[in-house]
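Structures follow.
Each of the next two complexes has chain A plus one more chain, namely chain B in the first and chain C in the second.
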Partner chain A sequence: MTDLAIEVKGVGKSYRFFSLDHINLEVPEGEIMGLIGPNGAGKSTTIRILMGLVHQDSGDVRVLGHRMPAAQVAAKWDIGFASEDMRLYDGMTLAWHMAFIQSIYPAWNPAYAQLLLKRFGLRAEQKIKGLSHGQRVKATLLLVLARRPKLVVLDEPTTGLDPVARHEILRELTDVMADEGRTILFSSHNTQDVEQISDRITFIDRGRIIDSMDRETYLDRWRRLRLEVPLGVELPALPGVICVRQEGRLAVATANAFVPGLANAYENSGARVQRIETMTLEEIFVANVEHSREEVRV
Partner chain B sequence: MRGPFTISQTDKRPIYLQIMEQIIQRIAVGDWAEGQAIPSIRQLAVDRQVSVITVKRAYLELEREGIIVTQHGKGSHVASKPGLGARLREQELRQHLEQATRIAAMLGIRPRQLEARLREAGDRIAEKETI
Partner chain C sequence: MTNSIVRQLILKDWRLNRLQLLLSIGAGMIALGVVLRGGEGPMVAGTVWFFIALIMVGTMLPISGIVNERKKQNLAFLMSLPVSSIQYTTAKIISTVGMFLVPWVTLLIAAVVLIETRGVVPPGAIPIALILAGMPFVGLCLMTGAALVGESEGWGIAANVSCNSSYGLIWYFMGRMPGLMADVKSPVPVWNPTVLKFLGGELGLIVLILGLTFYIQSRKRDFV
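Then we have the complex of A and B:
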């Protein structure tokens, strides 16, 4: 069995208007985990619990073998964490920040820091207050990555970035993985980012984990079937199909547990399968959220 | 979620082609009869959450192919041609047969052998339906 960089068991946290419910999460060492879900789903709260910034009401959290939040001081030497609300000192230069982090973390790699400066198109002598949003995000990421943490945790690293900046950041994240044994967990509501670089996907909605598995398996389970339904034929309710929309003699069925037998079952009922389409993570995202909310309503 | 007029993100064809195909299907299966009024360009654009220009392009192409008719002030209709649905079906069959013939040629399967394979396929379907 591979070592787990992150292991979360039965974690709960209640607030007045929101609660995380029995969260289980495993991130094996050496993988990129993408955490996706709508706004307010609980992505940031989950990440804060992992970092020991928020204390869970119940359940166990281990990060790089350390119990959280108890051992957060020891754990943080090896964790690089960045989120939107982390502030750099406006009146100081990026070079000042780099020297500051270097003085705390012995693992800081000056050559790598210089390389990141160049790749991100940043100038060390510039003061933080003169940076654009994209430059600030890149500066923060540089400060996290240049100390070579074993685990990188990023809350919404690509939100609000232009396509070029997004590509630069995704490239650096995948570059981190050239080193075996390093792990990334990042949250995003940009499904394209998650689809592109994640090895694993965790889908969270309304404080619950709906799915958590490797990307290929996850994408492969979802299909959209376009069906022709002759008059007098009634489509059977089939397991693994979460939604069927029919209008006249045409129907679209969405499956979240697709197997080839599903198409046969429709054919045997007298319908004709015109096409079986794979779905993008964005389409799955929307179908999944709509489906899980319908279930809650029932 | 939307009905059968669903635009696919994994389908690499332009959206106007997907819309054309879905309109053709509705006529072919008989949901939209000859001469029947169809949604206006703007209505379909709103329903599908695509641009008006995209739907307009699909309608123009369909008009050029004689499948729909757009009259100023009266909106769009399926062309009043008897047997249009059947003709579209026929067209679909022809495309599939041509495609099958091309693949067979690539595999070195002769027309005579392909005929036999077609009969076998018919037998298999008949068998399934009797189960």
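Then we have the complex of A and C:
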């Protein structure tokens, strides 16, 4: 059995206008999990609960075997956490921050820190206030990675970055994973980033986990079927089809559990299958969210 | 390791606020220099500037160290480190009070030495000076507590304004208390019961405010 770096069971947290509803999440050691959700979905709240910064109202959270939030200090020695709303001290240099983090973490690796400085094109003697947004994100990531954490938790790390900076950061995260045993959880509303590096993907919307599986399974199971529906033909409701939109004689069926038999079933009903299309993760995400919201309304 | 992280957070604050401390000591020393010139005008101006230097540093430390740290989103960075909310509170209280004590003790010693050796102000004024100097200390604790517990710039500013506007009022009433002012021109400091009550009250307030801050912080469920 694989050890779990993160184990969340039935976690709930209520605010006045938002609540997390019975969140279950498992991230095995050595995996990269992408947490995708629209703005306000509950990604940051979930991550803050994982870090022990917000106490859940109900449910159990274990991170690297530590019960959260009670054992947050012990857990955080092995967690590298960076969030989009995290800022370094403007008036101080990156070198000052590196020395500060090094004074705390015995596992700080100066050689790796120097390597990251070079790769990210940063200068240690530069003050944070003189850095661009992309450079600040890279500086934060350097401080997280050079301490060699077992678990890296990143909340929207690529938000607001240009494509080159995003690529550099994602490449570095992939490199970190070359060291087996490390785990990464990162949240984003950018599906491209998540698709690029994640082993496993979890969709969250309106405080609920709506789906969680490995990337290949998503891409294998989701299909869009373009259908021609002659007059008088009624499309059957088929298992695995979550949505059918029809305009005149043309219809589009979205399947989240596609099997070739679905196309046959439509053909047998009198419709003609024009095309079966694969879906991008973004399309899967949007369809998933819409389906989940319709289910809630029903 | 737990003590080590608290120590590192304290050292970090000291490094960030060194300049403020030096400037406040410098300002206080200049104020004492003005008192040394003799005469009523310089003595009043110097004394007022001296207390302003203490009030300023007592106001700036909680604002820059706690309110701005939250406002500028440095707090999330700190809380990503292996530290709990109560350790953060401990580090902040020790560093803020500790940093304040540097100019406070330095300037008070300088003032006492000046009073005892130069004869510009009678030594009987030492107890009053200590009571007056204790007020910015109480104010610092109140602002520190409000900044930590209130978690917003608004609470920090409210505490700041309340403290700073009340100093003048308290000075006014103190000036009308015979128990306090009777021995102010005495050739030796007189520690009468009223003086001791004031000093004890200030100390009690400091302990109460800091204790309440710890208590409230320890009961918080959401920190960032």
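Everything that follows uses one rule, which is that the second predicted complex is superposed on the first by the 298 of 298 C-alpha atoms of A that agree within 3 Å, B and C clash if a C-alpha of one lies under 4 Å from a C-alpha of the other, contacts with A are read in each partner's own complex, and residues count from 1 in each chain.
Here is the rule we go by: a residue touches a chain if its C-beta (ideal position, glycine included) is under 8 Å from a C-beta of that chain, and two chains touch if they have at least 3 such contacts.
This structure is a prediction, so every number in the text was calculated from the model and none was measured.
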Clash or fit (per the criteria above) of chain B with chain C on chain A: fit
For chain A as apex, the angle formed with chain B and chain C - C-alpha centres, to the nearest 10 degrees: 140
Which of chain B and chain C A:S269 touches, first, second, both or neither: neither
Touching partner for A:Q126 - first (chain B), second (chain C), both, neither: neither
Touched partner set for A:N109, first chain B, second chain C, both or neither: neither
First, second, both or neither for A:T93, with chain B first and chain C second: neither
Contacts of A:S292 with chain B and chain C, given as first, second, both or neither: neither
Gap in Å between nearest CA atoms once chain C and chain B share a frame through chain A: 37
Chain A positions touched by chain B in one structure and by chain C in the second: none
Residues of chain B that touch chain A when the two form their complex: 1-6, 8-11, 22, 25-26, 29-31, 128, 131
Contact footprint of chain B on chain A as seen in their complex: 224, 226, 228, 243, 245-252, 254, 267-268, 274, 277-280, 282-283, 286-287, 290
Interfacial residue positions of chain C with respect to chain A in the complex: 1-2, 4-5, 8, 11-12, 15-16, 72-74, 76-77, 79-84, 87, 221-224
Residue ranges of chain A in contact with chain C within the complex: 48, 51-55, 72-74, 76-77, 79-83, 85-92, 96, 100-101, 103-104, 140, 144
